[in-house]
Structure formats: structure tokens, C-alpha cells
Amino acid sequence: MNHADVAPNSTEFLATVAARQLAGKRRVFAGVGLPTLAVDLAMRTVNPSVELVYESGICGAHPDGLAEGIADSVLVTGAEAVLSMHALFGYVLQGGNVDVGFLGAAQVDRWGSLNTTLIGDWAKPTVRLPGAGGAAEIVPNAGECIVVLRRHDPGALPAKLDFCTSPSPVRAREEDPRMEPPGHGVSTVITPLAVLRRPDKFGELEVSEVHPGVTVDQVRAATGWDIAIADDVCVTEPPTVEDVRLLRDEIDTVRLYLR
Amino acid sequence: MNHADVAPNSTEFLATVAARQLAGKRRVFAGVGLPTLAVDLAMRTVNPSVELVYESGICGAHPDGLAEGIADSVLVTGAEAVLSMHALFGYVLQGGNVDVGFLGAAQVDRWGSLNTTLIGDWAKPTVRLPGAGGAAEIVPNAGECIVVLRRHDPGALPAKLDFCTSPSPVRAREEDPRMEPPGHGVSTVITPLAVLRRPDKFGELEVSEVHPGVTVDQVRAATGWDIAIADDVCVTEPPTVEDVRLLRDEIDTVRLYLR
Amino acid sequence: MTATQATKVMDLSTAIATHVEDGMTVALEGFGHLIPFAAAHEIIRQGRRDLTVCRMTPDIMYDQLIGAGCVSKLVASFFASGSAGSLHEVRRRVERADPEPLEIEEYSHYGMLCRYEAGAANLPFFPLRSYAGSDLPKLNPNIRKVEDPFGGPDIYVVPPLKPDVTIVHAQRADRLGNVQMWGITGAQQEAAYAGKRVIATVEEIVDEHVVRSDPNRTLLPAHAVDAVVEVAGGAHPSYTHDHYVRDNDFYREWEPISKDREAVLAWLDAWVHGLPDRAAYLAKLGHERWSALGAGTSTGATGATDLEAATA
Amino acid sequence: MTATQATKVMDLSTAIATHVEDGMTVALEGFGHLIPFAAAHEIIRQGRRDLTVCRMTPDIMYDQLIGAGCVSKLVASFFASGSAGSLHEVRRRVERADPEPLEIEEYSHYGMLCRYEAGAANLPFFPLRSYAGSDLPKLNPNIRKVEDPFGGPDIYVVPPLKPDVTIVHAQRADRLGNVQMWGITGAQQEAAYAGKRVIATVEEIVDEHVVRSDPNRTLLPAHAVDAVVEVAGGAHPSYTHDHYVRDNDFYREWEPISKDREAVLAWLDAWVHGLPDRAAYLAKLGHERWSALGAGTSTGATGATDLEAATA
């Protein structure tokens, strides 16, 4: 296949790499924005039978247009089920029926704990972020989580989070060894520089793929801790011309998420 | 009004007396059998706007026929709401939205605790009764409960229950003074001899009305403890000819509950 | 986009043979409505043994399962058949161990529902405001108390119930396993999500676009269901709202049968063992009786027709 | 038989004036759908002050309530407007106390839902498998742990939330107060049963027999509702499934307004204080924009028409 000429920090690149993570996965808990693009692209490429679950209660969405929110009417119309949120959060998610959670975050630490609450001082933050939403439920309960970051620098991947909103199993176990959550936690972090993976539920993130033109040293320098490098680190397969065409000409024709 | 010629131990008598207890009440949690007759009669006489709630999830039933069960289709068709049982037991009943619960029992003690579980030895009962059903929820959570007994003797009204299935607030408070339930517990017991009332949430049942031809001493002798007599004890107003006509000719035309 | 997804449709005998094994914990739910009688009969027919059966209201279906010798333990909250009286097969075992004892684990209705909820939501327990002062916790050590960390009194809790298999009946499903039901929906959603495996028998398997035209009626999404079986009339003598009504005569007829163990066995021979499937059962029931219950007159969807008329 | 029951129908200004008082705890729910904007605007118009407002996803509606000075405390779980970005009125207060501070009590989504559930079901707490290892319990002392009496690890719980008033928007209700909604139904049932008073605004008040033709769609029975108000378009710029779609342009337009406090105040003057009611708001929005959202094309019942077609 021909590779498209898109930069590794472009939405097209990130969404395509994210979409490929969904090959072979069954039920995906999707958010809005870049995950919307990634999931839609996955359904048109690597995984036509992925089941889309939204925290608004929708299972098996079949949107005939681009959703502008996780409760958009295009997700409701033609869905296989619209459950109560009681059933969605309690039975579908906490009950262990979600394979992959798709998340964003302001900060990710070495164990895949996430901060989406605040930057700076707790009492008087520099930046007030959106907060936990459903992420505090998705990280412990989904089979695994994929995080997409728009930045790769020591601010976004710090040695220490300003606040831990959605903890890794490592932190849960530190609080109480018996409180081990059922899910793996964050398995994959996709950034403008690299794909980081955490193969061990209680292990650290490591550099698994570097994007074309990016060196391992650049990734290491842009990370807030001395990040491990996978033995078999390779170069990320970039989007194909067809991936980018689908994203631009069929999925996000109004350029809601693409610029 | 003309009084009907029905015996105090007849279903017609008991149902009519029960129906009259519903004057001025709003939401009634009704069971099947005699309560079905009583509630239907109440809607045609003393309280046309009573809201019927069934543990099957139905609120605001408008049956166009006699229900043969609390989940009968005649209760569903034309109902104002069919809720999940989660909402019915959790929000409607435990949430405090039921004014009157209508119950039967094998045994009632002086504080209005009920036995519907077994007679005899716990490990090897003489009679295995139907068990708690929703009564263990109705007694603590409904505003008050009305019990109809088919027998009035020391077996049905014993000094001590063989088993306490659905406890009075008195027993709940004995277990833990802070566990006082929101409801009054049993307020009224209708038997073939008398109407017993329990005006105080933590008090005992007392003889409030004796049926025509029954003496206070007969009631006392038929009760398993030395039952108190109300200061203003009176004779029960018997069913009218119209009450009995409604029961026989309009409500239970197939003689499902009437003989 | 669902073309690649596997169908979950199978026949009832395969579904029971595949998913229900001797010694398992099995919940057949349906609260006075949508009671999966056909599935219970197939369990009897296949001779399953030593089952722990769970159900809020054991009802005639469980009297039959117990009478057939499939059951060693019953987890339930109400042991009678509504207006139709006692379950004598249950009573014989509890009162006289006749023909053998039956272990009972007993809750109230909301206690059972909370057990399913805890099972469905992967919670270690579920709190409820019942049982203060009751003898039930003395009879059942699974009813326990926890401390309120906000300073209130202790509250009773029940543990999760996670059946190996949950079986439900519903109006319809698509072949992917999205199950839609309406009318009284009982503990089905909770019991199904609590179950490790789920079998849904339905009056009809419909095209996906029927299901997707009204997704709020889907109580069990496909991911919660392992087998979908089309069994028209599968709830008789219970009922399926908008398909057929309850066979109240049958409920009245059961009590005298139930009182006599030989009569129970004869009934099972005639109506279960002696018949291959539900179609044969309905044929034996006879067209007249079956159509008198309204079978065959369904509109296929509650309210749709009424509503059109009402808003016209 | 319901002829004697009182109607709960009133106009919006009466409903808010009767039920919402300064200093109260008020929940306006609706998860990305059926957001009761018209009711929020009436609260602003009537100048309520010092409210504690609860909501899973504060959204633009709460940015407006806060901007208008109605709010002293916010209890919530997600402080942003989905794809439409930050809520700057919230951020100004939290980050710079501009023009004054705003107290925040923060949960996760399921934590908020569990708070409503505990409130609705009169439970002292509700358990959930979140927060192990999180900093949220350090920030919010209302997130506590209890011991599992069945021997498992401790589990986090949240306390009940019982708003003084809960306000929801729905497709329809009858005059008795039976409220029917479909599509995404969010936390409305839990929040309404948790509320001491409940106001439901609806697209249309329908005859009782419409409601009773499909009772499974009633999420709030009349006993749970104190006031029913017909407010067509009451969810704009959010949406009402089968009536009109979300005004995505409005969501995009809000962020630049939200960034500038003067622009927020000007918007409130023009669209809330300067208008008597929702009809005037829709008139100001203009027929073209409003009908482009599909308003006026509703079938009045989801699925009914599709379903008829599908099963024909």
C-alpha cells in the first residue's frame, strides 16, 4: 500500500494508528473526538464487527454520520440497544463486558495512571481540566485502555502526576493489595512521537514503536522519566493513502475533528 | 344503607372492611386474592383515585378485569407505568413512595410482626409457607400495612411467632435502636372476629372493632396474648347490599376469590 | 456492518445441551410473565441432575423441575404459585424429605433482586433496608450487616448471585442476540448480566432492523447473550404480553396434580418426556385452547398500533 | 377512574417560582440529551441565588447558570462541553476566583449516578468498584470505604444525593404527571426519585390514553412528579429524540462567548433576561434555524412508525 504524506503529529496519523489497535477487539468504549475517528476508521478497515459502546447507554451503535458527542442522536438512531446508565455503568462496564476503553488525558505516568482533573495546586489549580467523567470507571474495569495524547513532552508524560484521577492497577495495589482491579489498565499510549506499550499489568510503559523520522533518543528526551525501550522497537507503519482518504472524504467530511 | 346478610368470616365481609381502610389513602401496594377484591371495591366506593402499585413493577394499574396474579396482563394493559423491578423495589417502595401495604400472613404477633415462612421447627417445619416475598420490604418501608387474616385463633395470633419473617418496628428497634424503619408497620389487622389496630408505631395491637354478634371476650379468648381493648371499641359496620352486589356481580363474576 | 458477526441462533435442545450441565447453578427468571417453561421442560427432558436453581418466585415451573428430580438446591424468595396455591412438590421435600430432602436458601424478593444486581455489577454485596429485626438472617448466614461509614446505623447486605447459566424468555430477538422484551420485565436484565452464560428463548427471531428501530426495548444487548432460540409459545402456561395471555386454567389445574407425586410424574411423562419439543406440546394442548389464549393474534409490538390510533 | 385526580400541569414560571428557592440543592439532569435548558433559563430569569447545583456533566447549561450568578456550589463529574470544549465560566471561578470562587464537589460519572441511586432508594451509601489508588477520595471526603462482610477487600462507597428539586425534560407526559422518555435517558429516573420535588418539562402534554398505550415508556410515574410543564423546544440547544436534533452550531458558538465574561452577560441579557419565555426564545432563534433542526417533523413516538414499516 502507498503511504500517505501526513505528519506523525497530525490527527490523521494518530487516528489511523489508534484504529489499528482495534484489530481483533470486540467491544470498545468510545469517547468523542479522536476516538470517534479511530473507531469509525477501524470499522471500515481492520475490524468491521467492533461493537461500539458509549457511556450514554448506547450499545452496538451504527451511526450514519459523524457523532458530535457521546449522546448524539446519530448514535441512538439504529443502535442495537439503548440501556439505562445504571445498566451501562453497572452491568456493561463494571460487570466486565468492555474489552477496550479509548481515553484521552492531560498527563500519563509510567504505569499508565491518568490525570484529567487539574494542573498545578489542588486548591487553586493553574488549569482546571474536565475531571474524571467515566474514565475512573473505564480504567479499572475495561479489559485494557488505549490513550491518545496530542503532546509528547515531560508535561504530558511526567515523572509524577499533578493529580491521579484514574489509577493504574499498580496504584490500586499499592492502596490495598487485594483491591486489584479486573482490567489491565492502560496497555497502549499513542503520542505524536511514538507508540508506548505496557505489556505487564503491573509493569511500566515502554517505547514500542517510534514514528517515521523520530529517534528513540528523541522519545526518551521528551518523556518525564527514564522510559524503557522494548527489545523489538520498530518504526510505526504510517497511514495509507486510503486511510487518509477515508478519514477526510468519508468519515469527517465536515472537518469537525480534522483540521 | 341496607346491610347485606353475609357472615363476618365471609370473603365478602372481610373484603368490604378491608376496602374501607383505603379511604383517603393514595398509593396502595396490593397483593393477589382478597386484597385484589378489597382494592377493586375501594376504587368503586370509598376511593376512586387510589393508585395501585404491584411488586411486578406496575404503577397506576387500571385493570378491566379481575387480576389472577400480581403480574397478570390485565394489570399491564392500560397501566400508567410498568417500571423495572429495580425501580419498583428500590425507588418506589424503599424510596418511601408507598402509603399502604396490603398483606396476608399465617401468624401475626402483638406488635404486628408477621410470619409467612414456616410453622413448627425451623429445620423440619410442619408446614412450609410461601416465605417472605416482598413482605419483608413492604412492612418496614410502606407508610403502614393492613393485614387480613382468614382465621382468628391463638395459632394465627400467637404470643410468639414460630418465625419472624417481616418484623414490626418494635423488633427492628430491639435489634438496633438506630435501625428504626421509616414505616409504621402493621396498623390494622382484619380477622373474622374483629378489627385490631395499632395506633402507636411502637405499641401493641388492640381490639378496635368487633364484628356484629362477636363479643370482646370472644376476641380476647381467641387471641394468643392478653390483647388490649380500645377505649372506644365499637361494632364493625357490616357490608352494604351494594358492597356485596359489586363484589359478586361486577368484581368477581367468575367467583375466583369468592366462593 | 454486522454482516461478519456470528449468529447466536440455535435450537433449544442444542442450547440446553451446550450450556446446562449437571451440578450447575441455573437461574430461570420471569416474574409472573415470560416464564421460560419450554426451556425448563427441555432441561427435564435431557435429564439434568443436581442443579442449584435460583428464582424469585419458584412457581409451577420449579415444582416441575424439582418433581422431575433435576434439583438439589433451591435459592428463592417466594415458594408458591400466586393465586393458584402451594407448590406441593416443594412442600413434600421440605416438610417430609419425600422423596428426598431439598436444600433451601431463602431471601426476600428485593434480597434476591439485589443478589442478581450485585452479580451483574460485579459488586461484593448489595445493601438494602430490609431484615432489621427479622429471623431471616438467622436462617441464612449470607444475609450480613455492614457499617455505614457516614455514621448511620448498620445496614443489611446480600452477596452477589452469579448463576452458571441464566435462562429468560422474551418477545423477540435478532439473530445476533439483541433481546427485546416489554410488559413486566422482572429480574431478567439483572439475572442475565449476572449469569456466566445466557440463553434467551423468544417468541420470534426478527430482522435486525426491527430491533434497531426501537433500541430502548433491548434489555439484553447481544454481548450479554450466548444463545438465541425461537420457541413460539415458550412461556405457556405463563404468558407473553402482546402474544398470548396466561392460561389461568392450567394454574388452577396444577395444584391437584402437585398434591400427588404420582400425578406429577404422570404429567411429566405425558407433557415433557413423551414429547419431542414445544411444537408438539402446543399441538397436544390443542388449537382451541391455545388460540383461546390469544395466540396468533399478536400485533408484534406493544403500543405501536394503539399509539398510532391514539395520536391520529 | 382518574377523573378525580388533580392535574399537575402548570406554566414554567409558576413551577420554578413554586418549587425552586434560593439556597436549595437543585439537580437538572439529562445526559447529552433532554437537557432542561428552558427551566435553567427560567431559574436565571427569576434571579435565584446561592444554589448548589448537581449534574453529571455540567455542560453549557451550568456555565450559563453559574455565569448568571445563581450558583455557589457545583456537584458534578465532568466539567466540559463534550466536543465543544471548556466551560470557561467554570474555569474562571475555579482557576482565578473570577468574579468569585465556586465550591466544587467532584465524583466520577458512575459515582454521581450511584449517589442519585442511593438517594432514590433511601440507602445510606452505594458501593462501586472505582477509586482504588485514585486521588479523588483525598480531594472529596465523601468518597469512603466499607469493609466487605464476605471477606473481600474494602470497597469504596458514595453517599446519597437528595436534591431539594430535580428538573428533567422529556418527550411527553399526561396531565397527571406520568412522564415518558426514550432515547438516552441518563440519570433522570434516579435523580427524580432522589429529589424531594420534581419538575418535568415536556415537549407535549398528551392524553392519558397515549401514555397508557405503552406503559413501559413511563420512566417517572405520576407519584414521582410534582409539576408538569409543556415547553416545546425546552431542550434546545440540546435535543429531544424524535422531535429535533442537537444544535451543534450553538455548541461551537458557545466557547468564544464563554471565554469572555462580558459576552456571557450580554448573551444572558439578550436570550434570557430580555425574553419572557421559551416561545420568545424560539422566535428569536428564528424559524429557519429551528426547523433546520427537524422541529415540527416529529412522529410523536419513536419506532412506532419505523416498526410498523419494518414488520409490515
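The chains carry the letters A, B, C and D, assigned in the order they are written, with residues numbered from 1 in each.
Simple rule for what comes next: a residue touches a chain if its C-beta (ideal position, glycine included) is under 8 Å from a C-beta of that chain, and two chains touch if they have at least 3 such contacts.
What you are looking at is a predicted structure, and each value in this text was computed from that prediction instead of being measured.
> Quick one: which chains contact chain A and chain C both?
Both chain A and chain C are touched by D, going by the contact rule given at the top.
> If every chain is reduced to the average of its C-alpha atoms, which one ends up farthest from chain C?
A
> I'd like the Å distance between the centres of chain B and chain C, where a centre is the mean of that chain's Cα atoms.
Each chain's C-alpha centroid was found; their separation is 28 Å.
> What whole-number Å value describes the gap between the mean CA coordinates of chain C and chain D?
Distance between chain centres, rounded to whole Å: 36 Å.
> Between chain A and chain B, what is the separation of their C-alpha centroids in Å?
Each chain reduced to its C-alpha mean, chain A and chain B end up 57 Å apart.
> Taking each residue of chain B in turn, which ones touch at least two of the other chains?
Residues 58, 76, 82, 84, 86, 90, 94, 141 of chain B touch two or more partner chains.
> List, in ascending order, every residue of chain C touching at least 2 other chains.
117, 122-123, 128-129, 152-153, 182-183, 185, 189-190, 213, 216
> Could you list each pair of chains that touch, in label order?
Result for touching pairs of chains: A-C, A-D, B-C, B-D, C-D.
> Which of the residues in chain D come into contact with chain C in the complex?
Residues in contact with chain C: 122-129, 144-150, 152-153, 155, 157, 159, 182-183, 185, 206-207, 209-210, 213-214, 216-217, 300-311.
> Which residues, counting only chain D, touch chain B once they are in their complex?
On the chain D side, the touching residues are 1-5, 117, 120-123, 174, 176, 178, 189-190, 193, 208, 211-213, 215-216, 218-224.
> With touch defined as at the start, can you tell me which chain A residues reach chain C in the complex?
26-27, 43, 48-49, 51, 58-60, 62, 76, 78-83, 87, 90-92, 94-97, 141, 182
> Would you tell me which residues of chain B are touching chain C in their complex?
32-33, 55-58, 68-73, 76, 82, 84-86, 89-90, 93-94, 113, 117, 122, 124-137, 140-141, 163-176, 178-179, 181, 256-257
> Flag every residue of chain C that touches chain B in the complex, lowest number first.
Where chain C meets chain B, its residues are 31-33, 57, 76-80, 82-83, 86, 90-91, 94-95, 106-111, 113, 117, 128-136, 139, 152-154, 182-187, 189-190, 239, 241, 245-246, 248, 251.
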